[in-house]
Amino acid sequence: MSSSAKDRMLKRAAADIKAGMTVNLGIGLPTQVLKHVPENLPVCLHSENGIAGVGPVLANEKADRNLIDAGGAYVSPVPGTSYFDSALSFAIVRSGRLDLTLLGAFEVAGNGDLANWMIPGKFTPGAGGAIELAQKARRVGVITTHTDKKGNPKILSACTLPLTARTCVDRIYTDMAVCDVTADGLCLTEIAEGVSVDDVIAATGARLIIPDQPLPTF
Amino acid sequence: MSSSAKDRMLKRAAADIKAGMTVNLGIGLPTQVLKHVPENLPVCLHSENGIAGVGPVLANEKADRNLIDAGGAYVSPVPGTSYFDSALSFAIVRSGRLDLTLLGAFEVAGNGDLANWMIPGKFTPGAGGAIELAQKARRVGVITTHTDKKGNPKILSACTLPLTARTCVDRIYTDMAVCDVTADGLCLTEIAEGVSVDDVIAATGARLIIPDQPLPTF
Amino acid sequence: MPMPDKSRSIEEAIAQIPDGSSIMLGGFGVPGTPFCLIQELVRQGQGGLTLIKNDANETGMGVDWLLENGQVAKLITSHIGLNSNAVSMMNAGEIEVEFAPQGILAERIRVAGAGVMGFVTDIGLGTPMAEGKQKVTIDGKEGIVETALRADFALLHADRSDPFGNLCFSATARNFNPLMGMAATRTIAEAEAIVPLGGITPDDVNLPGPFVDDVVALPELMEVYGVVER
Amino acid sequence: MPMPDKSRSIEEAIAQIPDGSSIMLGGFGVPGTPFCLIQELVRQGQGGLTLIKNDANETGMGVDWLLENGQVAKLITSHIGLNSNAVSMMNAGEIEVEFAPQGILAERIRVAGAGVMGFVTDIGLGTPMAEGKQKVTIDGKEGIVETALRADFALLHADRSDPFGNLCFSATARNFNPLMGMAATRTIAEAEAIVPLGGITPDDVNLPGPFVDDVVALPELMEVYGVVER
C-alpha cells in the first residue's frame, strides 16, 4: 500500500466521523484516522480503559503516568474529559452510547463477520475489548489493506479464523475501495482513484455487488 | 411499654454495635438506638439512599436540602463520609459489607422469618429497601415491643403477614427479653430486669428454649 | 476536536417525549427529583406515561403533579408510602403500580445501563416476589432472573453540568440519577449550574457525558427544591 | 462516632493472604497496578495463587514478578499480549489462563461486588466463547449466563485514601480498581497519599470505605510506577 493510498483510505474513513458522535478508534490504522478529522469537529473520543474525551498523544517527558489510552499511548485530556471505571466504560459500549467504532481486521466476511483478535497457534493474547466494540457499537467500520502482504484477499466469503463477532461490520475501508455490508450482500460503494472495478473484484474473496451507476471515487 | 423499659431495650441493642462495624438502622425504634452508642465508638452508619457515615440529624434551618437519610430526616456528614448512587448502596448491603442491621417488625417468627413491610388491604406502600437489608446484612437484629398494643404476641411460631425475608433474623430485642434464633429454635438469652421467665413465655407466640443456667438481665 | 454541546431549552427537551413513553425520574424523596422538567411535562401534557421512580414524592409535589393531571398509566417504584394520593389511585385502579425492592429496582436499571439483558439474584427467593419469575441455578444455588429495565427517556436533576453533559450530583441527590441516565434511550438533565467545558475535574464526574443527550440550565430554584417543612 | 481506622503496615496487610488464594489485582497496564503490594507478595512468597487482572503487565513488572517467582497457578484476564513471558508459560502449560472479553470480565467482577449471582448477556453469542455456558431466554432473546467473579483478596492502587479507606483514583488508574475492591472478601489498598478523615470531598469518593479493609501508605514511588520508556 502506497502512503498516498493509505492516506486516502484514512481520509475516507475520517469523513464518516460526524459532529456529535462518540467514537472509539482501535489500535493501529484506526487511530491514524485522527489526523484527517477536522480540528473543529465536535466529537467525543472514547477509550475502553476509561476515558471519554481522549486528547492528543504526548511525548514521554510531558506524559501523565496515570493517563494512557487502551493501546498504551500517553494521551492528554481535553476540556470536558471524564474518567471512569472499566465496567462503566463498557456500559457505554454495550448500551448503545458508542456511535461508531473503527477497527482493524485479520479477515472480514461479506456478511460482516469479523476476525481480528486470534490466530490459533500463533497469536493468542486474548480479545481485550475487541469483542464488545465489534458487537455493540452502533456502527462498525473496518479499516484494512484490501489484501495481505502476500496479496491474498482479506475480504472473504467466510472467515477462517475464530470470529470476534458475527455480522457486526457495517462498512469496510481499504486502500482500494469502500464496501458496505447490506441485506443483499457486500456492496462496492466507492472506489479509490486509479483503481478499476475489475481490480477490486480480483482482490476480493467475497462476492461483490457492483452498482449499475458510476462509482464515486475517493 | 414504659419509657425506662424502652430505654433498656434500646441500650441493650446498642451494646451489640461493635467497633469497626458498618451498620444500617431502620426507621423508628432502630434509629433511636443511636443515643445509647458511645460517642467515641468507631462505627460507620449506612443509609440506603447513598451515605456511608451518617452524622447527626439537623434542625430544618441548618439542613442541607440535598442531604437526607432513607427515612427523610435531614442529616449531616462526619469526617470520612461518602455519597454514592443507589446501586452501589445496595451493593454494600448485598455483598456482605453491611455488618449489622437493626430493623422494626410487625411479626417475627421463631425460625427468624420477618414480616415488616406489608399488611394486605391496609398498608401496601412497597418494600423500599427492607427486603435486601433483612436478607443480606451479615447480622440482623429486630427491635420491637414484645407484644402489640392489644397485648398480642409479635413473636410467633409462624408469621401471618407476607414475609420480608425468610429465616433472616439473628436476634430479637424487646422490652422484656433478648431472644436468639439458633439452629435448635428460638432461645431466650437475656431477660429485662423485673421480668420473669414465665412473663416472657406468656407473651411469646413461639416455642422458647429456656436455658438451664440463670439468665443475664439488662 | 471540541466536545459536542448539548444545551437545549426546557421546552425543546421535553417536547421530544411522545404520549405513551416510559420515563425514568431521578430522585429519592426531594433530593435529585427533576421538578422543573416534571413541571414542563405537566405543562405540555403528554399522557399514558409509564413512570419509573424510587418513590412517588409526597402529595403535592413532583410525581404527584403528573398523577393529579391524569398523565400516568403506570408507576414502577419501590415505595409510595409518602404519597397517599398515589396509594388511593392504586387502590382505585386508576394507575397500575409495579413494586420492586429498592436495590433490585436500582440494579435492574443499572444492568440496563450496562447493556446487558438481566441479572441473577437470590433476593426474594421463598417469598411471593419470586413467583412467576424465571429461575436458574448457578453453582448449585437457585436464583431469580431479574430483567434489565430500560426506558425511552430519563429525566435527571444534577447539581452541575458542562455543555457536554458531564454531571455532578450533590450528596444524596445522586441516588438513582446516574443509573437512570445510563438506562434510557434519551437522557435529559436539568442542572442548577452549567459550567464551561473543563470546569469539572475529570476524576469527579459522577455521570459521564456520553450518556447524556440534553442539558437544560435551571433558573433560580423553585421552593419545592428546598428543605421540606414538616 | 468517628469512622473506623484501617491503616496497616504493608507486611501485616499482605501476611493475611494464605497460599492458594484468589487475588484480584487492579490496573490496566501500569496505571492502577499495586506494584508495592505485589512486591511484598513476592517477598512473602505465597504460592498456588489464582490472579485476576485485566492484563499481565509487561515482562519484568508487576504480574510478571509473581510469574517469574513461580507463585501463580492460574490467571483470569482479558489480554496478555504485552507479556511474552506469560504467553510462553501459558503455551508450556506452566500456568492456566482463562480469558474473558474485557467488558465481560469487568461486569463479572462488578456483579460480584453488587452481591448478585450473575448476569445475562448476548456478548459472544454465536462464537466459541458461548460454548459450554448456560443460556436463558429473556423477552424471546437468547442470552448467556455469565457468573459473578469473586476473589478472596483484592489489591488496589489508589491516588489518595483516608484512614477509613475512602479511595480516589487518578485518571485511567481507576480502571478495574473500584470494581475489584467491591468483589473481594478482603480488600487491601495501597495509596500514594493518606489524607486525614474529612480530607476527601464526600461527593468525589470513587470507592467508598465500607468496601476497604486495609489501607497501606506508600513510601516514595518506585520507578516502575513512572512513564514507561519505549
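For reference, chains read A, B, C and D in written order, and residue numbers begin at 1 within each chain.
By definition in this document, a contact is a pair of C-beta atoms (placed from the backbone, for glycine too) under 8 Å apart; a residue touches a chain by one contact, two chains touch by 3 or more.
None of these values were measured; they are calculated from a predicted model.
Asks: In how few steps can one go from subunit C to subunit D if every step must land on a touching chain?
Replies: So the least number of steps between the two chains is 1.
Asks: What's the farthest chain from subunit C if centres are computed as the mean of the Cα atoms?
Replies: Chain centre farthest from subunit C's centre: A.
Asks: Counting only Cα atoms for the centres, state how far subunit A is from subunit B in Å.
Replies: Their C-alpha centroids are separated by 56 Å.
Asks: CA centre of subunit A versus CA centre of subunit D: separation in Å?
Replies: About 30 Å, centre to centre.
Asks: State, to the nearest whole Å, the distance from the C-alpha centre of subunit B to the C-alpha centre of subunit D.
Replies: Here subunit B and subunit D have centroids separated by 35 Å.
Asks: Where in subunit B do residues touch at least two different other chains?
Replies: 77, 83-84, 87, 90, 93-94, 136
Asks: Out of subunit D, which residues touch more than one other chain, so two or more?
Replies: Answer for subunit D, listing residues that touch two or more other chains: 107, 110, 114, 116, 121-123, 169-171, 174, 202-203, 206.
Asks: Looking at which chains touch, is this a line, ring, star, complete or other?
Replies: If you draw each chain as a dot and join those that touch, the picture is no line, ring, star or complete graph.
Asks: When you check every pair of chains, which ones turn out to touch?
Replies: A-C, A-D, B-C, B-D, C-D
Asks: Which residues of subunit B touch subunit C in their complex?
Replies: 47-51, 60, 63-70, 72, 74, 77, 83-87, 89-90, 93-94, 124-132, 135-136, 162-166
Asks: Which part of subunit D faces subunit C closely enough to touch in the complex?
Replies: My answer: residues 107, 110-111, 114, 116-123, 134, 136, 138-139, 141, 143, 145, 147, 168-171, 174, 201-204, 206.
Asks: Could you pull out which subunit C residues touch subunit A in their complex?
Replies: By the definition above, subunit C touches subunit A via 1-5, 112-116, 162-164, 166, 182-183, 185, 196-198, 200, 202-203, 205, 208-211.
Asks: Per the contact definition, I'd like the list of subunit D residues that touch subunit A in the complex.
Replies: It is residues 28-32, 54, 77-82, 87, 90, 97, 99, 101-107, 109-110, 121-129, 159, 169-179, 206, 225-229 of subunit D that touch subunit A.
Asks: Please output the residues of subunit A touching subunit C within their complex, sorted ascending.
Replies: Per the stated touch rule, the residues are 19-20, 22, 37-46, 52-53, 77-84, 87-88, 90-98, 136.
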